[in-house]
Amino acid sequence: MSKRDFLSTADLTRAELDDLLDLAARVKGKRPGQVLTGKTLGLLFFQPSLRTRVSFEVAMVQLGGHCINLSSDDLYELEPNEQAVMDGAAEEHVKDAARTLSRYGDALGIRAASRTGPWQRDRQELLLRSYAKFASVPVINLETSFAHPCQALADVMTMRENLVSLRGRKLTLLWCNHPEPKSLGPTHSVLQLAALSGMQITLAHPLGFEVDDEVLQKSKQVAGEAGGSLQVVNDMQAAARGAEVLYARSWGSIKHWHDAEREAMVKRSLTSWRVDEQLMATTNNALLMHPLPVRRNVAATDAVLDGKQSVIYEQAANRAHVQKALLMQLLK
Amino acid sequence: MSKRDFLSTADLTRAELDDLLDLAARVKGKRPGQVLTGKTLGLLFFQPSLRTRVSFEVAMVQLGGHCINLSSDDLYELEPNEQAVMDGAAEEHVKDAARTLSRYGDALGIRAASRTGPWQRDRQELLLRSYAKFASVPVINLETSFAHPCQALADVMTMRENLVSLRGRKLTLLWCNHPEPKSLGPTHSVLQLAALSGMQITLAHPLGFEVDDEVLQKSKQVAGEAGGSLQVVNDMQAAARGAEVLYARSWGSIKHWHDAEREAMVKRSLTSWRVDEQLMATTNNALLMHPLPVRRNVAATDAVLDGKQSVIYEQAANRAHVQKALLMQLLK
Amino acid sequence: MSKRDFLSTADLTRAELDDLLDLAARVKGKRPGQVLTGKTLGLLFFQPSLRTRVSFEVAMVQLGGHCINLSSDDLYELEPNEQAVMDGAAEEHVKDAARTLSRYGDALGIRAASRTGPWQRDRQELLLRSYAKFASVPVINLETSFAHPCQALADVMTMRENLVSLRGRKLTLLWCNHPEPKSLGPTHSVLQLAALSGMQITLAHPLGFEVDDEVLQKSKQVAGEAGGSLQVVNDMQAAARGAEVLYARSWGSIKHWHDAEREAMVKRSLTSWRVDEQLMATTNNALLMHPLPVRRNVAATDAVLDGKQSVIYEQAANRAHVQKALLMQLLK
């Protein structure tokens, strides 16, 4: 964790990850008491949210603290660029919002996952990083187009609960179809933590749906150092074979980052990228994971999502637990 | 109450109703203590709300619990149909939202009163029933087009406070004018509870504004069994004469359920369906009730709404008390 | 304070102001304990808000109380005019909303700063005053087009912290440019409290941006009685010279109150009305104040806003402290 922010899983060392997940395991199912009494977490959502919003609020409340929720409906437009001459639509600079909120509360969470320009710009997480720069309190990434570290923590916690040890275990991260272009955040973040955990990772997607190359290369290196591996394939069948964890999710095309129509057209021929019972049967009795929300019968069939290998609700439930651990580390 | 949900007043036995209202009377004006400490109620509003939202939040907070409020602005569209191939606008299935929220909180309240199709469809309360089916925690109906049980509980509590015993007492449920087509929820639910209480009910409305026939027939039967009666008239003057309670509210036309313009046209000739002092003078010194919000000087005049027979704010205040009782029963 | 409302700084006596700010100073940085346990404050926002929303919620929570937040997205339209025949868009009368909310909570805050008609109408604060009239609990003004008393309290608290005594001290209230027409609320309210504090006030603005004349004349009188003075100038340079406090903010033109395009056109020639280091150098080492949000490099440059004379974040932080004091006075 850089400073006391939690912006990316790429910042975590293996020891920090272990500490965080060990703490999450200890607080799970227990009420660790009112350890955050008097603490306030401000949550700023610039996109809709169900799990993130509710799991953070529940986490704070159960620890004795309080959440203040702001959505883009409550707010005016905010300017993230330094030295901007603010004669446009933005009513306030992120600098001032971040510094003001730092005077009122004890931490800030920011969801800022919309597409604002070309990928080379969006991968820089300008709005989030601007909050982190100017806030004097810890800032938590609640998802950008580039990263969703809280989701990945919950995912790895869920894998550990089911597989005990992750080193050398076979994880397939599988692209699946979706009518809308989606963030690459969950994919990048779980890839990074699986690499850090030394898993044997197969990343599978159709041509044109490559993940960010810097994330990919760095994850390969990290996986190798941790006793694991990372390969990329464009064949769903080959990717699923022998997997111990099948992690399905759609993500947007970096290539067509600002041409949603083009991406939609390409995806019309990719409807077979959907997890079904046949595919699951070729795995090594794999856990089925998906970070939700999921497009049922498009990304994966009801049969597999509701099947006995599915741990999708465990992933969701673990959001609250890992976030309690995170908040305790950042705020206590 | 089916399972531990609270979806409809039609599910209540007389003994259950008495228990609930007795508890509500006991907690009214008292602070029953922090009996719901650590409990979380999630409220999902797909339409605006003032009383329901605030009365539930106050009820939870005063019992030591916590509310998490989500409105349609915070959320994406949700799919209620099972086995749907989710390639449209809905980003998540109610199944997944309900199961996820069940992992985070202790109960869910759902307001889903919009018109989504023909009456035969809307009367099935698809979205609410879907939450109730998939949630593993109690689900509370915060109003559909078909039912508004929490409002009716507060209404009956208010009648009891003023009339002591309801059996055989004369209640007139009176349609009144309104520029917009409204839900039938409050009308159906108060009709059901008045029937269960053995009141002598007169339901009065213009032709074309009949309530749901199944609700009507069942309520007639229940009223009869409880020592009361239920008659329908289309004459406002006749309906008001001798009433001990005049309960005014507009509701939409089932006949024109998907033709708001047609309904509006019909209502142009119905402006006399408005409660005023003249009408009140023909009653037996009746209580004036209305569940709010009320269109002043359209549905009822200022003089009667602000008059000494009016108990409209008592009804609103009792929302908090009956809901405390309900939450204590469902969550303790 | 009229009744127990807090609607305007014009209602405060000097003794009341001192009491409030003395209490604010005592609670600042301390946790005065859970003195508002069981109390609920309802906040109604008809415009976006960051500081007001968060500072009130933090204030209530840290005093052991609870905030219920409603925004125009949660609500339908409300009718403020008495005796209205409500056959238009407004679904509920302010009378009924105010009386209902008074049954649920212990105080109400209202932000209603939009332009709804000519200045002679908007200066009457119809929506706010309507809530104050009908609510039986204290009502707090969270900003109208005419007044923003909570901001002014925080501003005067900040001045006192830095200058100790305000009597006879030189304050320049300086209009500055902004792409949008803004409320006159903060300007009027700080003018009134500075006058009450006996400051030597220079109000500086371009021709056409006069403040409300009644506020101006009354403030002149109050300032004189308190040992201070109030002059109006149309020359920014002259106004800044020798100032001990330079309080910058844009406000809208009463003259062009309902012609935003005309105001925007006029302001195109007023871009020099911007605080920069050169201007600051002519002051008597003045504090730089601005109530936020600020248009950086339009109203004031980054250099002065981020400079060592700037107390803009102190002003924001003091919102929470003065509001704690206010809530303790109104609710304890």
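List of remarks:
For clarity, chains are labelled A, B and C in written order, and residue numbers in each chain start from 1.
Everything below uses one rule, namely that a residue touches a chain if its C-beta (ideal position, glycine included) is under 8 Å from a C-beta of that chain, and two chains touch if they have at least 3 such contacts.
All of these numbers come straight from a predicted model, not from anything done at the bench.
In the CA-based superposition of chain A onto chain C, the rotation angle is 120 degrees, rounded to steps of 5.
Counting the residue numbers used at the interface between chain B and chain C, under half appear in both copies, so the two copies meet with largely different residues. Centroids of chain B and chain C (each the mean of its C-alpha atoms) stand 40 Å apart.
Touching two or more other chains at once are residues 73 of chain A. Chain contact summary for the complex, chain B toward chain C: residues 31, 45, 48-51, 53-55, 57-58, 61-62, 71, 73, 179-180, 292-298, 302, 312-313, 316-317, 320. Residues 38, 40, 42, 66, 68, 70, 73-76, 79, 83-88, 91-93, 95-97, 99-101, 103-105 of chain A are the ones that touch chain C when the two sit in their complex.
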